[in-house]
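Next up, some structures in structure tokens.
Heads up, the next two complexes both have subunit A, just with different partners, subunit B and then subunit C.
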Partner chain A sequence: MNNLFFLGLLGSNKNEKNHSKVLLIISFVIGILGLVIIMRLIEISFPKEISNKSKVVLKQTIKEKNRGFLLDRNNRILASNIYIYNLKAYPKKIKDPDNIINLLSNEIDLQNNTTLIKKLSNKNKYEVLIKKNITAPQAKKINNKGIPGIEFVPVIKRFYPHKEITSHYVGHVNGKMIGQLGAERTFNNRLKLGENINLGIDIRLQYIVRDELEKARVKYNAKSATAIIANLNNGEILSLVSLPDFNPNQSINPMKNSYTNTATLNLYEMGSTFKMFTIAAAIEFSKINIETKFDASKPIKIANYKIKDYKPKNKILSTKEIFLNSSNIGSSLIALELGKDKLKNFYQQLGLLNKSNINLNEKTKPIIPFKWGKIETATLSYGHGLSISPIQMVEAASKLFNNNQTYTPQIHKKEKYNLKESKKFLSEKTINTMKKLMYENTIVGTAKKARLDGFNIGGKTATGEKAVNGKYDKTKLVSSFLAIFPIEKPKYISLVLFDEPFIDNIKNFRQGATGGITAAPVTADIFKRVFPILGITKNFNLDPGLFVNNKGELNLVSY
Partner chain B sequence: MTKIVFLTFLFSSLLILLTFLNYKIEVIDSKIKDTEIINQKLEKELAFFKSEWEFISSPENISFLSNKYLNHKPTELIEFEDFVNLFLNQGRVNE
Partner chain C sequence: MNTKALFTNFFQKWFRSVDLISITLIIFLMILGLLFVTTASPNVAKLKNLNEFYFIKKHYFFTFFSLFFMIIFSLFSTKGLINISYIGFTASIILITILLLISGKNNGSTRWLNLLGYSFQPSEFLKPFTIIIFSILLNLRNNIILLGYSLNGKNIAFLLLLFISSLILAQPNFSMFVILFLVFMSQYFTAGINLKFFLFISFITLLIAILAYLNLAHVKYRVDSFLSPNTTHFQVEKSLEAYQSGGLLGKGPGEGTIKNNIPDSHTDFIFPVIAEEYGALVCIFLVCILLVIFFRGIININNSYNKFKITSCVGLLTLFIIQAFINMAVSMKLIPTTGVTFPFLSYGGSSIISMGIVMGMVLSLTKKKFKEKGLIYEN
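After this line comes the complex of A and B, so read on.
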């Protein structure tokens, strides 16, 4: 019995042990399961973030790879990205190099077939570059032939569909897709993030302007030519042409002349267009009006410097006649009467003494006289002694005729123009007087060749002599014409400039390639074609007689 | 004990559900990635065609083609009478 009880006790001990083992196993399993659940819960809670992160990375890589497009003001593409292909071959996989080269040369132009066959026959070479820059359709055609041992490597490339037409305005990128010139450089940071940018340019206008300017440049055998059309109210540059130009799709040599943007980088002593500024300042800041008389009967002498007119009138001239006859003597007398400080301040207000505010990186500082004395005041009144870029001339004239000191030329399209941005600095009377003088100049003045029947424009011609070895060279001229239109309510401004134009038949420079003979008629040719696009219509209501009273009597000079 | 077993069962079911959802998310995610890659390719092709079209329809080419095939005359400054005649199909006044 005792033995049985003892055995019974032994059995219950064994059961307890078994129970505790089972409990241990169950708790271990539950523990493991719990751990697995927790780990899975953690794992499940993460993938979303991970996938989101991967999406962000993917989007970033997309943005990094695809540079934004440059578009014109009507959303036409000026710069885009295309994939081109480099064709490579692997000699180890090629059995018959002659046959492969023959097949390929049926589709693409190959530089040197014999050299390529030699290279492909060399089995020690891993790969051979057969041709760069193959277009997608060509690549597809070759690919369909199923040639073994060749491969197309896609490469992204910036493409400029309008080639030379937009070269200086749009600019170009380098091999690493970094903007080097023009809008590509100005908006590089935004473009590399994938943003598309609308520029102020109108490709239709740009084509017309370049077409007419190139014809004229060849005709006048000019060293370079520049043309700008800008919105006078908001500063948008609708067209900017600098000739010679280059094709940004091809390899670029920055050392060539064609690379220089003559509109923003070249500095010229502009000449008579400065008379607009001198007379405006005189009317605004002194007692001088358009009827005030000045003695232009003989050249004036300041220190050792003699100021004379190219076609002297040898009589007393009114301010108006000084402008229409483009008299240097008269202009100097006006400036001297006005005083150097007032003239200098006015030039400063117009931005003629500083760099242009245009949002292009390619621009230069003007060359201003070291000393500003009596002689400088006189010569600067007709644009000698101060070298500025064509864009500065457009900027200064826009400030004047728009009566807005904050006017800034811009290469991008402005969605809205805020009137609050403008800062008036002249009286309406001065502006209207200047408009009248400009209009009159196209009726009876030096800018007659720019006139188009029924269209009312205002303009001023200019012819500056270039300084060579410290002396003005009468055979090397800078001829230009600045216009504002329509004159009733000016909306646009244009400048056409030729650097060293030459007219075969006329040897005497005085009657030669002046602004009135070269730039003014080219401007008219451009206007004939761009006015329908700009929506400028004929207006016969404006009677020229309102402005021009003695048109038959005015004897005009070519300057 | 029953509670523990019940909770384990509940958590296991939840785990299965979450695993299933996770799998679905991964499938959708990979589909999105594939679509984005296809989209990228299509965007590239579209960019190419747009660029090609821009080149073909550039003012320079249009001018060249219209000169060659349509006996094109440069744009003339239109007058009001011409505008009215466009509607009356009478052509230009000065023609």
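After this line comes the complex of A and C, so read on.
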């Protein structure tokens, strides 16, 4: 067979030399390809000069910058970068592993000496990691010993000097320096480029708030606790504490309760603070005024539900008295008079039915009632049947007292507050009435324990019962206190909330741990230390005209 | 004549007939390959927990063998080449088939065959022999009766291409399929083109390419990542950085950093290592050497009137230059990522020995012929 082929193959015919043309074409193609390769080579070797002219975009290699710092509003460092050292050993360069491990264990804690010695004796391994996260002084000490075959590898690590104090606000990064929680997550992209960012937090306030809140949480043995102080005018969050918290410098377990930012993630049926919204809506959108009378002498029945008061007065109450006594019956009657659509619409305007607008990634949607009938309108008027997060309460109350529908809580420091953003949705009169009610509540109402002598604040207590298996449990409470201050010209808002507080010395244990008894005095403790920092001074001459148009009304205060 | 004199005479004849410029340039490339692998591979060896000199030692060994095979093959006559190609082709096909069958059982790598402690790729050795077989078939003058059909050589060559393609795509080795196809086309073009048949082949190839894109996950991934401007293949990204940091004159031998990041920096991505350490000028110089070797072969074969020789030589030279071009183009992000070695520069026993055989065949085919008295005559 072979030979048969050759006869045809090897016999050359000198007359047909048309292959030169073909070879020329192939050479030409290959030559062009070679030229393309050379051109591309030149292009990518000197991208700066050429890529401006040509449209080929090479992926720009961003020089890795160190992550930017997080600072508080007064430029105090909240998150910075430090070098730590990982200790590595190269078994091929080590002759006496026992001795080396001995020397090292004098300086640092080594977890398992025998396995390390075994690893170091294995000459097939290129390198062995002995210990991570060694501090610079320790590394220097070990280095001075001159041990052969070991090496320190410097690694940049995120460091949070205030530890637990700022845990949920500032957040933390993961091993790859990517923000996982809090401000680290929100501003990850800007921090990555090396930008330093001022947060709205004031570390002095944060320290005080956490200190007082932790004391109180231990005292009341609460499951969790939250405190927020925010600027009422521009939305900056000055302090946000969620307890329990965690140390972001140590290894973090996201499955633990302490990882949850209760201020933005936990949903509660807040309770009586909603009466502020109900009454404000009633005054604004219906004929009801502060003196309108409602019959709160007996519990009201709607379908199978019975609405009762915590401390029944069993008499006819005015709107004002309903607020000051925190009467559920009264506020239900107000809501039913106002009508469900107007109430729902107002709650919608306050943002209670949507996610909070705060620029933190950790937030949850509120649980809103499946249907909105008569009974829901009644219970929602005093804050049951709708579960919201503490930050939403602050946001809604801020919108109300600031009379600005575009109000959004912000965790970063605002350079200047743009007044044009403001979108009024209530009349000045209603706001003033509400301020007055809030103020009087701290004098004669349920919030007396929040009052500090000489300082004028407004506040509303709230005690929500938690639903357990479809029933409200009177021993599982959510007690909170919302305050705005100074009441003459509100500038700040605060919320203190305890989840399932517990008071020993009250017979009917747990039932007595209401917002007025737990959260209000803690707020006072916080204010005592915070007011000097915020520059709020005592004012004994509160101008009654600020609130009260008719001086005769003042007499009501003293009943 | 005694044996020594016979040997000397034979060698003198070979020395006078072979193209010395080509052989010098190839040996020069081999020496450069030794240098580059020496600087590029220790880090890779470290990464793979091997002795620092592991790859260097092996590469020196294989380069020597490559040179040896090149000279052996350049000694062959055309008839000898054809005979050895029959043997080599059959053996390679059998080995590849066995590998495919074995891998079906133990789900292992399908390209490598372990033999006496060395693993080698039969598909690498298939390349040069296949090219010779293609040339034989493309230049057949008589039709062959196969299963009752009378087929001409070109049709048989095409059927053979389909058969080999299905074998190597089953491995799967998409890059080799592309290379083999381009080589076949160049040979087909040289042997004489038939437009209808050409269109038919193009259609079939397009079909295979689309099927490969849809069915081979790694092909799809690489093509997708090449086409989308945002996601770059990690190795290609590092490789582009290497070109950039190398600049015109490079950082100096052993000073490169890309080899610390890319696990294939001694094989498929050796060119960016060269660019980073020795600079763009050296790279351009290398491309020029490749082109000179190619054009040298083309000029030499142009003197021949033997269509078989011309077709073979074009195929072999195309294989040599296309493989180098694909290797460079991948590292410059001109085409999607695919693993092709750089002739004589990349580490890799099978590929460098196979390339030695290829160039040995080219040298054999382009030998000048002498009359008894020493006068050159055209072959």
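Assume the second predicted complex is superposed on the first by the 470 of 559 C-alpha atoms of A that agree within 3 Å, B and C clash if a C-alpha of one lies under 4 Å from a C-alpha of the other, contacts with A are read in each partner's own complex, and residues count from 1 in each chain.
The rule is short, and it goes like this: contacts are C-beta pairs under 8 Å (C-beta built on N, C-alpha and C of every residue); 3 or more make two chains touch, one makes a residue touch a chain.
Here the structure is a predicted model, which is why all the values come from computation and not from measurement.
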{"item": "Partner chain in contact with A:Lys436 - subunit B first, subunit C second, else both or neither", "value": "neither"}
{"item": "A:Ala136 touches, of subunit B and subunit C: first, second, both or neither?", "value": "first"}
{"item": "Contacts of A:Lys125 with subunit B and subunit C, given as first, second, both or neither", "value": "second"}
{"item": "First (subunit B), second (subunit C), both or neither touched by A:Gly31", "value": "second"}
{"item": "First, second, both or neither for A:Val22, with subunit B first and subunit C second", "value": "second"}
{"item": "Which of subunit B and subunit C A:Lys528 touches, first, second, both or neither", "value": "first"}
{"item": "Which of subunit B and subunit C A:Arg40 touches, first, second, both or neither", "value": "both"}
{"item": "Partner chain in contact with A:Lys219 - subunit B first, subunit C second, else both or neither", "value": "neither"}
{"item": "Partner chain(s) touched by A:Lys340 [first = subunit B, second = subunit C, both, neither]", "value": "neither"}
{"item": "Residues of subunit A contacting subunit B in one complex and subunit C in the other", "value": "26, 30, 33-34, 36-37, 40-41, 44, 47, 58"}
{"item": "Subunit A - residues contacting subunit C, complex", "value": "2, 5-6, 8-10, 12-14, 16-17, 19-20, 22-23, 25-27, 30-31, 33-34, 36-38, 40-42, 44-47, 57-59, 61, 124-126"}
{"item": "Residues of subunit B that touch subunit A when the two form their complex", "value": "1, 4, 8, 11-12, 14-15, 18-19, 21-22, 25-26, 29, 32-33, 36, 40, 43-45, 47-48, 50-51, 54-55, 58-60, 63, 74-79"}
{"item": "Complex contact set, residues of subunit C against subunit A", "value": "46, 49, 78-79, 82-83, 86, 136, 139-142, 186, 189-190, 229, 232, 237, 240-241, 243-244, 246-248, 275, 279-280, 283-284, 287, 290-291, 294-295, 298, 301-302, 304-308, 310, 314, 318, 321, 325, 328-329, 332-334"}
{"item": "Complex contact set, residues of subunit A against subunit B", "value": "26, 30, 33-34, 36-37, 40-41, 43-44, 47-48, 51, 54-55, 58, 62, 66, 69, 76-77, 80-83, 136, 159, 161-163, 165, 203-204, 207-208, 211, 452, 454-455, 528-529, 531-533, 538"}
